[in-house]
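The following pair of complexes shares a single chain, chain A, combined with chain B in the former and chain C in the latter.
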Partner chain A sequence: MIALWFASAAPAGTAGLGVGVMAARGAASPRLGGQWMGWASVAPRPWGVAVEVAGWRRVDGAAPYVEGESVYRMSRVAGRAAAFGELALGTHATTFHLGLGPALIVTRSRVQYAGADVTDTAPSGAVAGRLALDGPLAGGVGWQFRVGGAVHATGSVDYDTALGLGVAF
Partner chain B sequence: MPIVWWTVGCAEPALPDRVVVVQRADDGEYLLAPRDRAGLADPRRLTGDLGVGFSGGRLRVDGYLDGGALDIPYAIEQGDGVPLDAQGLVLWSFWYHLDDARDALEARGVDVSPIFPVNVAWTPQSVLDFAAVENAAFVLGQNTFVLFPDALDTLPVAANAGVVRHEFGHSLFELVVTGKSGGDIAWIDAPSDQQSLVRALNEGFADMVATLTLDDPRFIDPSLPQPSRDVEGDAVATPSMYPSADAGDLASLTYDPYALGTVYASLVWDVRRATDDPDATLALALDALAAWGETEAWGDPDQFALELIERAAGPQLPAACDAAAARLPHLTLPGSCT
Partner chain C sequence: MRWLALLGSAGCSSLATLHGARTLDPGEVQVGVAASVQHGNNPLTSELAFLPQLELAARVGVDEDVDVGMRAYLVGAGGDVRYRFHHSDTFDLATAPGLDLFYLPTVGGSAQLRTPVLGEWIVSRSFSVGGGPALLLRDQWNRVKVEGETGTSARLDVFLGGGGRLQVLAGPVVFGAALDVYAQPARRAGPAWSAGVDLALRTPPKRPPPPPPEPSE
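Entry: the complex of A and B
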């Protein structure tokens, strides 16, 4: 069986767009939010490479408990680009990917309070990992399901999962 | 390349001169305003002269296992540190409310230095009886504050100066009653009903610290309006507020210590109203609590009221006698009240 995983024919790769859920790190704990992502993966088994871009937006909302003009409104958008070196295994059409690689996460935060409007853009290096399944559907259509995470340089961790459709080649 | 990116992320941000936090105005309203950063050496980690902040972790009977450092993002706008998410705003606000609580007690001549440094644990897992939302608590024996997220749009409890002083009051209760901060809890081996009664007096004393240092009888209202906790209300002790000695451990888990605690806090607030002197009233309450602690009468928190009367001076004495008669009608008052 193990030999089959290594030796069976497989598509060269997949690419596409997907949506998912991101548990992005707040000051102290993850907050759930929607996520979009794009990926491209080339996997001449048993090795592969993949790149991903992902983005999410999280609104912390306002702090309505303070008086008058000092109400605090917060929102945050972030993007992540990651490249993975992967172990790619599978039988027939479906490929299992176990990837690890560097990521760059850029977070843009906006805070409005007391008449001030503060924006801040912060890059953060990270190490990203992912487990993914992908393969072809009919007519050259490709799919992917993935779960992953990224450990920021600061030590905080993001988690996400996504399902996507695209092309198989 | 990964090393380069990692380095980018590791770059420590500049330190602001001031930080934007939720502050309590003199009229009791809450507003956002910057204040000097002072002892908060590392705003990102919530670390400074008060102690260290942690994220998550586990709260166990034998100690807090921290879940790692906090990571509070902030920007600097004209020298002011601005937290970039709601959690950071609440955590910074808690820090400065705690700083103010410490200063308030020390300004009144109370040495609270043994309580510090403390841990500030955000959303730890716990098997203890803490609700996981809308809550802040102090863990006796562990010098640890635990904070949980808020589910309501009201003032977060950790950003409520009164709630923070209440929780700080628990740490002061431990210090005054036992003479130390942290370590074994003196009444941990007492029967469960007696432990419940200590909890009641502990909650009452914590309310005394909050109400008297802020001179606000309803400090909790901006977060969770609780008329039953109003120390200007009609709280009077009834037999049902005292747990039965044969009720068992299960009853202690469901015991409400706040009802009887509010009676004690209201009694002391009555003295403050009659004398119009919150600082002297707090000093009296501290003396009485220390005396009660020396008796180790864990099953008799009413003894606190008698210690209060014994130490009351001048106009405090008739005020304390009247308050005890009204709030604890079953109590036999000493001859000094007649």
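Entry: the complex of A and C
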């Protein structure tokens, strides 16, 4: 199975949808959040370009030590669009990507505390980086594994990883 | 039970780099042991000078430029797939994404994703220098008891840094020495490091080794 991932000829690119997890520095409790993402990548080695859109939702509690007794509840829903210029290398059909580029992240935060319920939506510019592997499976199906992060203009940092399936072209 | 919690908290991660970028040939097998001292790889060792870590590691070549690794350590285990995405006579580049898991019902557990990018400079047939940057994301959850209530404390650890490694190959014997240093940007917990040595046995190569680099004039 593993050998299959690296078999056949290198595609011009891949695109698809994936799921993963993300976490952020600076949260009350840096728990993981679920993530979905879409990507498209074109990699005429040794260079490539890629675009990604991703969304995630996280819920933090300030008192995670006692289950069900959080002092306050904070949830975040965020979306990110990013473009990457990449180094793209490979000795097989699987391509290694190391990319850096700009990102726009829109975060909607909701804090419930002592009867108050405050919601705030804020866009943030960011610099995103990613390490990814992608390639073809059988029948034109493509796959991707990625791990990366984004440093917001505000200084906060997101980390995320995802695995996806799509097409190889 | 206290010793179990201590052991679990102390040993649920290893920061040691156990290999370079040059993958095993298809069918080739390498099995070894590693010993290291580590600091900052979990909250307990952040309060101590260092703690020892022991590992059993094995790799199997599954395709050209691709091998699979497994490691078991105090306390946890994991695996990775190493893909050499660039190679020449004297320099290789690879990545080896892997997942480490640890779980004890009464203590908690962790899942750690490793994504190292490795370079290896082949100095001669028997000696190479390797290493590179790595990002480790670890989600850890500990069972805790506060005022009679039992719950779970979850935490994300991020290690951003890398390691360097010297490797000597003498016939079937592989000896390595590695130093890894990481920052912990998620928790601002200060640096974490590992220093260790490893010894492994490798099955004979199924093809002759590449010629050594030409000596420079």
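One rule holds for everything that comes next: the second predicted complex is superposed on the first by the 135 of 169 C-alpha atoms of A that agree within 3 Å, B and C clash if a C-alpha of one lies under 4 Å from a C-alpha of the other, contacts with A are read in each partner's own complex, and residues count from 1 in each chain.
We take it that a contact is a pair of C-beta atoms (placed from the backbone, for glycine too) under 8 Å apart; a residue touches a chain by one contact, two chains touch by 3 or more.
Being a predicted model, the structure only gives us computed values, none of them experimental.
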| item | value |
| --- | --- |
| First (chain B), second (chain C), both or neither touched by A:Phe96 | second |
| Touched partner set for A:Gly125, first chain B, second chain C, both or neither | first |
| Partner chain(s) touched by A:Thr161 [first = chain B, second = chain C, both, neither] | second |
| When both partners are placed on the shared chain, which of chain B and chain C touches more of chain A | B |
| Which of chain B and chain C A:Ala23 touches, first, second, both or neither | second |
| Partner chain(s) touched by A:Val53 [first = chain B, second = chain C, both, neither] | neither |
| Chain B versus chain C as contact partner of A:His152, first or second or both or neither | first |
| Touched partner set for A:Leu133, first chain B, second chain C, both or neither | second |
| Chain A residues contacted in one complex by chain B, in the other by chain C | 25, 29, 64-67 |
| Touching residues (chain side chain B, partner chain A) in the complex | 1-2, 4-10, 20, 22, 29-33, 44, 55-56, 68-75, 77, 82-89, 91, 122-123, 149, 153-156, 159, 222 |
| Contacting residues of chain C [partner chain A, same complex] | 62-66, 68, 81, 83-87, 93, 95, 97, 113, 115, 117, 135, 137, 139, 144, 146, 149, 151-156, 158, 185-187 |
| In the complex with chain B, residue positions of chain A that touch it | 25-29, 60-61, 63-68, 70-72, 74, 76, 101-104, 107, 109, 111, 113-114, 116, 118-120, 122-127, 152-156 |
| Complex contacts: residues of chain A adjacent to chain C | 2-3, 6-7, 21, 23, 25, 29-32, 64-67, 69, 89-92, 94-96, 98, 131, 133, 145, 147, 149, 157, 159, 161 |
